[in-house]
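You will see chain A twice below: alongside chain B first, and alongside chain C after that.
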Partner chain A sequence: MDYQNILTTCTYCGCGCNFFLEVLDGELTGTIPCKTSPVNEGKLCIKGWNVHEFVQSDKRLKRPMIRKNGNLEEVSWDEALDYTAARLKTVKAEKGSDAVGFFASAKVTCEENYLMQKFARAAVGTNSVDHCARL
Partner chain B sequence: MTNGVAELEHSDVIFIIGSNTATSHPLVATRIFRAIENGAKVIVADPRKNQIADFADQYIRHKPGTDVALLNGMMKVILDNGLHDQAFIDANTESFEGVKAVLEHLDLDASAATCGVPVEQIEQIAKDFGSADKASIVYCMGITQHTNGVNNVKSLANLAMLTGNIGRASTGVNPLRGQNNVQGACDMGGLPNVYTGYQPVTLGAANKKFAQAWDVDELPSGIGLTIPEMFSKIESDDLHALWIMGENPVVSDPDANHVEKALEKVDLLIVQDIFLTPTAKLADVVLPGASFAEKDGTFVNTERRVTRVRKAIEPVGDSKPDWEIIQEVSTRFGYAMAYESPGEIFEEIARLTPSYTGISYERLEGEGIQWPCPSEDHPGTPFLHRDGKFTRGKGLFHAIEYQPPAEVVDEEYPFWLTTGRVYAHYHTGTMTRNSESLDFEVSQGFLEIHPDDAKALLVNDGEPIQIASRRGEITTRIMVTERVEPGVVFMPFHFEESNINKLTNPAYDPIAKIPELKVCAVKLFKAAS
Partner chain C sequence: MIEIVRQKAGELLNQGKIKGFIAPSRENGHVAPRLFTRVEELSTLNLGDSSSEGDARYPLDKILITLHRKYPDDCFGILVRGCDQRGLYTLYRLNQLNPDRVIEVGIACSPGLAKACECLKPFPDDAVAGDPVAPEGQKAVEMVEDMDMAGRFEFWMDQFSKCVKCYGCRDICPMCFCNECSLECKDLVSKGDLPVDIPVFHLVRAMHMADRCIDCGLCEEACPSDIPLRTLYKKTGRIMDEEFGFTSGINKHEKSPLSIMGPAPDKKGP
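Coming up: the complex of A and B.
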């Protein structure tokens, strides 16, 4: 039996509470608030206490998909990534850099947002990157 | 936020406007409850008597979309009674004369009538706020999601500067950021006009610096498109590909029917998410990302605190961390990226971003760091504008007059509709509705309506009702409550099967481009049960 507690930050609201995710043999089993966090000082709200539940939901997307004959069909990563890159390239070549737009996200990490805007600006050549800060 | 969350505990007066803090930011609400225990006065202004209002000394129910009328009224009372901080204004601000002129000509009775609040109440809260030593302003989307959202925010800044409540602990203008890493997404340049740390894309020096760092000959220097503009450009055949990462605009954006049409039309729609959201269902390519528990990285909270996210388990199924997905597409696109870890990406961010220069994963091992943090020995910055030293030099007053919302009630659409959250859910419900315990708490959408209105419509608590605006129509159940006043209805937006954003108004603020989600006109009729 392998039991670990991993300190991390809540993915729900902007309070940014810190807690430990309890991991038993590679599965999330619970959430323990962090007492030394200056943000939440050992407290959590109902969303935080249950934050581990959605992660291993059966409904999680597990494989990439491409629309073929009108339906989304599971494909390998290689196929999905090649297809995405090739089609983006075609749009850029035929319609120009500003024919591509990007939604960054308030729900992924800083590093991931950074990479998305870097890809948009440096690789595709457009500043059309936005996210739903306004919503 | 200009100030830290913990500082709220020591405020003398906390003025909360357009924020249902107890529901949307529970751990900020905790600090407000402690402040009350410490003797602070809490004033809540909101068209809906939300949960935090139950704990307030004074609850002000103003009409939807009339924040400027209320705030100007308060400032007039403060000025007329000499409760303003002339020394602070003289030393630290400019353009006060314009505001003064507006306030001197303001008819307090007319403002009171506009916002539907008695003059005596406006006088009382103005005096409480104006005579406090340390007063904090807390606001959220109830202030910003309006066609005049920028004016609302500027009015709050006016109020703070007028009374010298900025640049000290336990004061300030404090927007609560709705989503966990909205601050981070903005800081990282997830916006059409800036690179990381708000360095403008239009500024030659910044443009050159990033081109060099990213090893390209040139970078685009014109401001890009905002989300509403991207949808219009799809319609006009100017935008042909859209890559959406971790967003669900079909449920979160105003005028959802229109959004759905645009997403169906765009030639290439790439959606990267952890669930098959209504938005992902429309995609040409779906890329399964990993959740926060399956990767390393950082989030930035509402008080600008950068903290670590740590990998606890392996990615579920074949999903991959979003940074890996972007990197692999980029390399295949012809722009090679080869980061070994998020830590390596963060080092690049710190190198290119003055407000992050002193932050590193090693330093984040402790309690996190509040930016700006310009060097490795800098402790971080709990509150901004210390001693009235504003980032831009002097604090700028803006003279603002009240303007009504873009859509107002009329004979055909006689009810004001406003939207928000419930305690157990988050945003479009992608995560919380897949959490058994949370879905059990609140599993369906509902419309809050005043008992008098419910009676007039012959609908009982729990019965179905049809709601329609000029843009769409949905059916839901009603919840009879006095949290809303007659003529106003409220509905949460987490539920895709009764998606209230089919009705909301996409008209947006001309500067911030924030849509007017918080107010539109609707009609109601009894639905066949």
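Coming up: the complex of A and C.
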């Protein structure tokens, strides 16, 4: 029997609410908001309350996929990255930089988002950068 | 007080009477609920106090339900205040926990905390530490009762309209264990829409709390909109007392009048 409460930070938005993920024998069983966190003081929104459900969801994408002949197929990271790089180059060459847009994410770190906008502006040459919370 | 609890929990673990002891723990600057399985771990034991008494209480009863569902044959120790024990009594009554598999280690709350909670029973039966203090008056409920009906309606609708539908009141509640929840029934509460259906959402929950709520106050503490939920459930509890002489979890073996089929039982209360 192994029951633990793991302190972590919500990945849904930039607020940074803290909660404990309840883990019983390696399986997530619940979310408990952290009362001693100065950010959320024991409160959460509906998304935060249900984090333990998405983590173990069968619907999560675990491997890169490319749509081939109308069907999504699992491919290696190398193939996915090569394909994406080639398509970005082609679109930029044929239609211009502003034909490409970037969606940043609340589920990654500030540094990763910084790199993304840097790539968008400096490498691709567009300021079309938006955020997943507006989807 | 904490030393007595630590000693008691240590004895239970040493004697092999329990598989683990459920209580808050202070680690890395935070207070978190924990299952203590070894005596050496008890040095971080906490009573749910961070910067003031009782400000970091967690639904320990709910954690016990999770453990009991997976390990029904194992016995667990648990730290209880008056409200937590009322919760256990209610969960025994509702067949969610087996009293033979639970050992309660009770502490009485200070007069200050009892007053802040306006608690009806700020001490558990058989407390091992703390001096039991008398029940407190119900000023918050009386303040609302003093309003006229129109004012009262306006007050509650105003409060309910602040709701962001996070379901936190239900999710934190140690008495909410149902597999199917009325608050997710599409005929009562629309799905995926805001604002929340008022007053249906809050009144459905209040009705379900009538013979369950043990007034731990965790719902109100978890509410991001500061809706005075505790006052609402105190009021439903008060109606149960006035009509049936029943208060949830006060007497260990008392059945809820709402679970009796047939005519209303004779009023037992004053």
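Operating definition for what follows: the second predicted complex is superposed on the first by the 95 of 135 C-alpha atoms of A that agree within 3 Å, B and C clash if a C-alpha of one lies under 4 Å from a C-alpha of the other, contacts with A are read in each partner's own complex, and residues count from 1 in each chain.
Operating definition for what follows: a residue touches a chain if its C-beta (ideal position, glycine included) is under 8 Å from a C-beta of that chain, and two chains touch if they have at least 3 such contacts.
Fair warning: this is a prediction, and the values are worked out from it, not measured in the lab.
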Open item on the list: If we overlay the two complexes on their shared chain A, which of chain B and chain C does A:T109 touch? Say first, second, both or neither.
Closed with: first
Open item on the list: Looking at A:I46, would you say it contacts chain B, chain C, both, or neither? Reply first, second, both or neither.
Closed with: both
Open item on the list: By residue count, which of the two partners contacts chain A more extensively, chain B or chain C?
Closed with: B
Open item on the list: If we overlay the two complexes on their shared chain A, which of chain B and chain C does A:R60 touch? Say first, second, both or neither.
Closed with: first
Open item on the list: Under the stated touch criterion, which partner chain does A:L7 make contact with: chain B (first), chain C (second), both, or neither?
Closed with: both
Open item on the list: Quick check for you: in the superposed arrangement, does A:T29 touch first (chain B), second (chain C), both or neither?
Closed with: second
TODO: Applying the touch criterion given at the start, work out whether A:K118 contacts chain B, chain C, both or neither, answering first, second, both or neither.
DONE: first
TODO: Could you list which residues of chain A make contact with chain B in one structure and with chain C in the other?
DONE: 4, 7, 18, 36-37, 43-46
Open item on the list: Using the touch definition from the top, list the residues of chain A that touch chain B in their complex.
Closed with: 4, 6-18, 21, 23, 26-28, 36-40, 43-47, 50-57, 59-67, 72, 77, 80-89, 91, 95, 97-135
Task: Residue numbers on chain A that touch chain C, as the complex places them - done: 1, 3-5, 7, 18, 20, 22, 24-25, 29-37, 42-46, 49
Task: Touching residues (chain side chain C, partner chain A) in the complex - done: 19-20, 28-35, 37, 50, 55-59, 63, 66-67, 70-71, 74, 164-168, 171-172, 221-224
